[in-house]
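As written, the chain order gives the labels A, B and C, with residue 1 at the start of each chain.
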Amino acid sequence: MTSIGTGYDLSASTYSPDGRIFQVEYASKAVENSGTAIGLKVKDGIVLAVEKIIHSKLLVPEANRRIQTIDRHIGLASSGLLADGRQIANRARSEAVSYKESWHEQITLKALADRVGMFAQAYTLYSSVRPFGCSTIIGGVDKSGPALYVVEPSGVAYGHFGAAIGKGRQLAKTELEKLKLAELSAREAVLEAARIIYLVHDDAKEKDFELEVSWVCDETNGMHVPVPKDLLEEASRKAKESLENFD
Amino acid sequence: MDHFPTNWGRPRNELYDQYNTFPLHHRPANAQNAFADGVQRTQQPIVTGTSVLAIQYQDGIMMAADNLASYGSLARFKDIQRLQPVGTRTIVGASGDMSDFQYIQHILDELTTEEFTYGDGHDLGPAEVHEYLARVMYARRSKINPLWNALLVGGVENGKPFLAYVDLLGTTYSARSLATGYGAHIAIPLLRTAVDNASQLLTEEEARTLLTDCMRVLFYRDARSLDKYQIATVTSAGVSVSDQLKLDTKWDFAEGIRGYGSQTQ
Amino acid sequence: MPDGSYAHPQQRQFNPYTENGGTILAIAGADFTVIAGDTRQSEGYSIQTRYAPKVFRLTDRAVLAVNGFAADGNMFVKTVKQRLEWYRHAHAKDMPLRAIARLIQTMLYARRFFPYYVYNILGGIEEDGSGAVYSFDPVGSYEREACRAAGAAQSLVQPFLDNQIYFRNQTPAPGTSHPTHLPLPDVLAIVIDSFTSATERHIEVGDGLEMYVVLAKGRSTQELASIRGAQELTPKEGGDRIFVIRRELKKD
């Protein structure tokens, strides 16, 4: 890496001569090495799915969740350092609460992504802090319908139709592009999301993984909840089947 | 961002910055509230709701309140809901100051939302909501800044009915039939006769008839009441609040009354 | 004024207190203590509920009765229980009765200028195995006594106890003397009579009666066997034991 040894990568408050902030780029590396997370914005809602790598067989199943709830109608999937993802989620929760205190109305996804982006960006300005080593997909349904945003360590927050972060993002994005997202129902999207996670998971290199899927849609009454057990099992089963057919 | 560790608050022991090398006068003073001397506290209710009634019956809890919010003796708002579902198995009914009740609705929503975001499968039942409200009401009265309400909290937890009261003083109690305001004087005798003294629990229909009768008596006698009201139930199936109901009332007896007011013949 | 206005500016202030009626009492025996209270909670002429306990078990040998402003009472009991739990965590044993008494005095006096409007009576067994009653005023003054009544019907019950427990205005038969401690059945009878009488004459007393009996370690439970519905609250034998006895009182 060109940055190493130059001295320009020691602090987030220093630019390199060509205008880059290496600490932010290193933070992105933390995301690139982490399990994949994807988000789908579909006809009647959003679906979040995560490939949670199981580092040890001693871990309790379903512990260390990487999908968190921000408000009744908003979910957040993170990729990268899990603890940083929790910090972001906590901030997002306070933003949602403070918005509601001010306006007596649930926060919109756009406003939330903006605020979380500003929060992440503040950690790219000072030598005393390090940027967040995680990207987050924020998804939900607000008064103007389903919405999906990605907030990166640099603080940028872009809206997406489909989003993928983490190790398998390239392949996942290709798969997402093939889907007619605007015509899918959330229930169908759960199956697709599971299929993509199973597809991008590298059996040869990676350890076991746990599939985490959550959704916000008409079926959930606009609430962000994990998909029901039977649907998750069905999605996993079908995902595995499609992989076998694929091989 | 504040980059000066000494401003973050001090650790418990003196090991950190043991000799106070960081100049004391650089530490920011606690912010002063410019309005601290002139804060107004609730000294009396302004826009008020009247009685709330609630009873235990066969399937759980039934609660009733009318749709009026009065401004003194003026019937100011006639479309106000005073029964608020909280979570999946709790109902809160409010009498007293309606702006304080709106504040209570707000903090309850914040509380249940926070509980929901934990995503640990736990949520708040009626006993927890009542305990929380009792703490809030008592804390506020202890600051001599009360939330001017009398609240009833009803619900079903593990098949067991729960019904309790809490008011602006933080006073709490529980019984099979409860009422606030005028209801405590006018409806309670009727409710206790029908509920507490009965050998078995009321059916849903009997409970509904009883509460409707009590709402009617209250409407006849309480000048701050309305004939538009709602009834809520909490059963093991969940909470439901009825549409607005209208009381059947009869006033024709007044035709025959003579001898007071302007009508002397 | 005739027009309905006021001659002087009126000042209204929120009153953070109320009275919730009821009566409590406790009597210490040689190796037992009885702590009792009625279960009615009222405000003015309204009965709020017919069952709101005023007597609370704190440890295996301490029972606290609280009377006055119910909200303060409940909060006070809650904080005392919390302090006792902290003590248990720190010292791996229950706080002794006299220490609880001093703790209560400290907690009450800490609120000297915004008092808990409650009268407390603490009863139980001391470390030497003797029955003890401590009574408090709302700001923490306290003393150990053989018996005490407090609350709405204090003025009815206390003179009766003075006569029956302390034998005031009673002259012993020639050549005999008054006993220093009464046996448990006599004490229970006096407690029940106190409450039935108070119920007759005081509108704020009635509905139900809860009597807690604390027995010193190793003491026979023989006398309780004949008492209807005595229910043990302590799980283990071989220590001090607590029983509760419930009775109906008139509800009018």
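We adopt the following convention: contacts are C-beta pairs under 8 Å (C-beta built on N, C-alpha and C of every residue); 3 or more make two chains touch, one makes a residue touch a chain.
Everything numeric here is computed off the predicted structure, so don't read it as measured data.
S.K.: Chain pair with the most contact pairs?
M.R.: Contact tally peaks for the chain pair B-C.
S.K.: If you average all the Cα positions, which chain's own average lands nearest?
M.R.: Given all protein C-alpha atoms shown, the central chain works out to be B.
S.K.: Relative to chain A, which chain's C-alpha centre is the most remote?
M.R.: Result for max centroid distance from chain A is chain C.
S.K.: Indicate the whole-number Å distance between the mean C-alpha point of chain A and the mean C-alpha point of chain C.
M.R.: Centres of chain A and chain C (C-alpha means) sit 60 Å apart.
S.K.: Measuring from the mean C-alpha position of chain B to the mean C-alpha position of chain C, what distance in angstrom results?
M.R.: A distance of 32 Å separates the two centres.
S.K.: Using mean CA coordinates as chain centres, what's the chain A-chain B distance in Å?
M.R.: Averaging C-alpha atoms per chain gives centres 40 Å apart.
S.K.: If you look only at chain A, which of its residues touch chain B in the complex?
M.R.: 65, 68-72, 93, 97, 100-101, 104, 122, 125-126, 128-129, 223, 226
S.K.: Which of the residues in chain C come into contact with chain B in the complex?
M.R.: Touch list, chain C to chain B: 12-14, 16-18, 20, 41, 43, 46, 48-52, 69-71, 74-75, 114.
S.K.: Quick one: in the complex, what on chain B touches chain A?
M.R.: Interface residues on the chain B side: 1, 3, 106, 109-110, 113-114, 116-119.
S.K.: In the complex, go through chain B and note every residue touching chain C.
M.R.: It is residues 41-44, 138, 141-142, 144, 146, 165, 169-175, 184-185, 188, 196 of chain B that touch chain C.
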